[in-house]
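Scrolling down, you'll hit the structures one after another.
Two complexes are shown next, each including chain A; its partner changes from chain B in the first to chain C in the second.
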Partner chain A sequence: MNTVLWIIFLPIIIFIIGVFMLGYSRKFIARIERRYGPPVQQVFYDIFKLMNKKTNISHGWMHDISILMLLGGTLLTLYFVPVPGFHFFAQYGDVLVIMYVLLVPALGMALGVGETANPNGSIGISRALMMLAGYDIPFFLTFIGMAMLNNTTSMYDLINIQQAGGFLGWGLLTNPLLGVAALIALQGMLGEKPFEVMVAPHEIATGPMTEMGGKYLGIMMIQHAIAVVVELTIYINLFLGGALNWFEYIIKLFVLFTVLLSVNAVFGRFRTDDAVRFMWRIPLPMAVIGVLFIIF
Partner chain B sequence: MEEKLTQRSVWEKISNKLSKRSLWMLHYCTGCGAIELPPTMTARFDMERFGISPMVTPRQADILLITGYLSVKTLKRVVLTYEQMQAPKYVVGFGSCTINGGMYWNSYSTMKCLDQYLPVETYIAGCMPRPEAIIASFNDLIAKIDRGEANSWKDYYKNYDFYKANQDRTFEGPIETYNDIKADAAMFNIK
Partner chain C sequence: MSKIDEVRDYELFIGPNHPGIEGNFSLKLKLLGDKIVGAKTDAGYLHRGFEKLMEERLFIQNIAIVCRICVPDPDPNENNYSRAIEEIAGIEVPERAKWIRTLVLELSRLASHLFAIGGHAATTGLYAFPNWTIADRDRILELFEELTGGRVYHIYQLPGGVRRDFPDGFEGRVLDVMDYIESRLQDYDDLAINNALFIKRATGIGVLTKEQAVSWGVTGPNLRACGVAADVRKDDPYEIYEKLEFDIPTMTDGDAYARMIVRRKEIEQSISIVRQIIDKIPSGLVWNKIPNPLKWNVAAGDAYVRTESSKGEYAYYMVSDGGRKPYRVHVRGASTTHAVHVLENLLVGTRIEDASQVMFSLDGCPPAVDR
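Up next, the complex of A and B:
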């Protein structure tokens, strides 16, 4: 019964946290640019307005399905990642399953944007898949490294092992090379600057979102709010010792997000080839060396 | 009868209250007025305080801001852009040129009255209007949405024949658009 309640309410709780984190990010960046910035609940207004649009253009049934695939893939990832108080699915699916389901949203988006037949959208998708090749290899190497270091592939066990070691048991401190490599890869995964090549509003008109309007864009924004929390949670569980209660969890989410946003606020945007080259030059060798340290 | 038309349900009141806080703006900047927009968006006058932020594609935008004069060629593009936007959508005419031609009154190739071709929600007078005027007019638009009176976008669906006739006369023949406005009005039940 408890599990059923978690399954129903977890996406809603995570969505609310995600909305406020995105609102916080807009406020944070506005203050760095010496602006006053929108209110923290601005993203909620945006989503409400989009879901409340009177007309919605569909480009075909694949367009409709892909939006659901995008949201569904993210929710699936959410259930497999342990959060404080809920790790029911985490015992059936380990780190390797998360590695696979993390790819579903990107593929869903590629299918839908292909149907809209907008050149900006196609460029955006090709850039997104290029970046995927860039950040996924270092990120998955760090997954494998942590699994080998602790001799388990279950993310729930990883949290327990780190918690048993106290503050010094955190993955970031026991293996700093992997921790920093994953942090850089996480910046690319969230699509923050300087790896913002997929959206790039001034170049390719927000890429995959070009033809999305009304409810379609609303669902994409809901998905983005959830995906941000999920990806940060994966990093927290692997390298920052997870969290035992929701208070600690939310504190860690906001601190980690602030670190990433500070980089986002002061950087420009890499070109696609530069971004991928950076990913393969800096985080990838770091991750490889980190894994070699663990093996030998 | 008149009262019944302006009556709103509780849900519409709530949705107007929340929707007015988020307006995404597509700016069509061929005229000189575009120079007043960067200060409006950036640190000095920060438009994002009111939830108004620039957007890059018509599909996502709510406001179509037309800065300055439109020639026959650019009007054609503006009509195509406007028809791709998702309702509710608001056209804001910026500067004297969109109101009565302004300093281009005697020109052979510019449009004099924008509201003959598209349903305009608000005009900003001036040549050019300062950022304070832009912010003030956006606040007017926000208040109008709150009162439930910003319904000019419905005009385009209801009086499409009028707008279409004016456009055709200017373009000397029908243009190829991607949207069937009357079918859309029937499909989405816009009255």
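Up next, the complex of A and C:
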């Protein structure tokens, strides 16, 4: 019964945390930019407004299904990632499964946006897939490295091993090369600057979102709110010792997000090829060396 | 063109409704993959027929029109228009009014440069920088509001001088704002000018050679970024510029980064000029009375005047047939050259990532194109 309740309420809880994290990010960035910024609940207002809009234009059934695939893929990933108090699905899917299902939302977006035939959207998607090739390989290697280091591919076991070692048992401290490589890759995964090539308003008018409106945009915003928490949680579970309770979990989420936002606020964006090149030149060799260090 | 290139060949519109476009303007790009192989500007979204409109209105009424030709830097237009009438009608301007006009021109240049460098950095995704510079520009707009009553359009310079003298304590407040902006320059450098990523994005982009710049009629900071130290304030001094000490910053690379650096250095020069004016400004009248403007028949004749605006050289050719309205006013703005002809040439060969940056680095002004 408890598991059923978790399955029902976990996406809602994570969505609420995600909405407030996005609201916090807008406020945080605004303060660095010397603006007042919108209220932290503004993202919720935006989603509420968009979801209540009537949809008059459809780009076909493939577009509609793909947007649901985008959200569904993210929710699927969420269930496999252990959070404090709930790790039921973690026993059925290890880090390799998480790596696999993490690709589903990107493919869903690619299919959906491709159906709109908007060139800005198509360019955005091609950039997103290029970036995927950039950050996914180092991120995957850090997964492999942590699994080899701890002799398990279960994320739940990885958390327990780190917790047993205390603060010094955190993955970031036991293998800093992998930790930092994954952190850089995480910045790319979240699409934060300097890797914000997929959205790039001045270049491609917000890319995949250009042709989206109403409920479609609303679903994308819901997905983004959940995806931010999921991706940060993966990093926390792998390198920051996971979390024993929700208080610790939320604190770690916000601290980690603040670190990434601080970089985001003071940098522009790479060109697409430079972004991928950077991923292959810095975090990828770091991850490779980190893995070699574990092997030998 | 190969079969694969035929598939990769497509058109992309940047504007008129796009975050990366500069004002009411549009670019029609022809792309091969990410590379721009053809570019056509599409102006006219802000066309109000100013030049023709001026022929239908009294000389004095046009003061309220000319400032609208360039929104971020309106004062060179007022200055040119007033000086052209003064030259045709033989009107003397009081010495103090000339100093005040120069002060207004430099404050306008400062405000415009802050707008331009912020906008340029934003095209690379560095959004904190425009927020900073636009907030700092607001302090200059507050000075304008106090002096002229208007923040953006000032309608302040008239034939014969300026509309009103400084309010009490205005000089001190100008110096305070200059001190503040000067104190912010280090922050600007840290955030944008010396930002490794911005340097990487802006270096080697939209390169304009010295020969191209001269033959295409490029002026202002865009020309000086190619290594040509041309500036109307030095070459053909007007108002009181010959009494002031200032340098003409130049760069030699001719790329987007060089244009950014020139504007950044010109901010320092403008601050210095404003301080000199506040220090040396003489007392006296600010306006020599002109005939009743509603019944004023300006003597027949013509005049060509020019100023150095933040965008480049602004010139007015005015013809009077002895009536109450100008027979013809032709505006030679810098933006038609920079934002249309030069931009179309520079965009070819660059990539879609840099289209917006090339445009903002040239700092064109769409209303000036549409005048």
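Everything below uses one rule, namely that the second predicted complex is superposed on the first by the 294 of 296 C-alpha atoms of A that agree within 3 Å, B and C clash if a C-alpha of one lies under 4 Å from a C-alpha of the other, contacts with A are read in each partner's own complex, and residues count from 1 in each chain.
Simple rule for what comes next: a contact is a pair of C-beta atoms (placed from the backbone, for glycine too) under 8 Å apart; a residue touches a chain by one contact, two chains touch by 3 or more.
Keep in mind that what you see is a predicted model, and the values were worked out from it rather than measured.
Student: Thinking of the overlay built on chain A, is A:201 touched by chain B (first), by chain C (second), by both, or by neither?
Tutor: both
Student: First (chain B), second (chain C), both or neither: which does A:233 touch?
Tutor: Neither partner.
Student: For A:123, using the defined touch cut-off, is the partner it touches chain B, chain C, both, or neither? Pick first, second, both or neither.
Tutor: second
Student: On the A-aligned overlay, A:35 touches which partner chain: chain B = first, chain C = second, or both, or neither?
Tutor: both
Student: So, A:265: does it touch chain B (first), chain C (second), both, or neither?
Tutor: After superposing on A, A:265 lies in contact with chain C but is clear of chain B.
Student: Quick one: classify A:56 as touching chain B (first), chain C (second), both or neither.
Tutor: After superposing on A, A:56 lies in contact with chain B but is clear of chain C.
Student: Considering only the touch criterion stated at the top, classify A:48 as touching first (chain B), second (chain C), both, or neither.
Tutor: first
Student: Which partner chains sit in contact with A:214 here, chain B, chain C, both or neither? Use first/second/both/neither.
Tutor: first
Student: Have a look at where A:25 lands relative to chain B and chain C in the superposition and call it first, second, both or neither.
Tutor: Neither partner.
Student: By the touch definition above, which chain A residues appear in both interfaces, chain B in one complex and chain C in the other?
Tutor: 33-35, 120, 201-202, 205-206
Student: Show which residues of chain A lie in contact with chain C when the two form their complex.
Tutor: 29, 32-35, 119-120, 123, 193-194, 196, 200-206, 265-272, 274
Student: Using the touch rule from the top, collect the residues of chain B that touch chain A in their complex.
Tutor: 15, 18-19, 21-22, 42-43, 46, 48-49, 51, 53, 56-57, 59-60, 62, 85-88, 184, 188, 190
Student: Chain B touches which residues of chain A in the complex?
Tutor: These residues of chain A touch chain B: 26, 30, 33-39, 42, 45-46, 48-49, 52-57, 120, 201-202, 205-206, 209-214, 217.
Student: List the residues on chain C that touch chain A in their complex, please.
Tutor: Checking each residue of chain C against chain A gives 10-12, 14, 18-20, 34, 121-128, 131-132, 135, 191, 195, 197-198, 200-201, 351-357.
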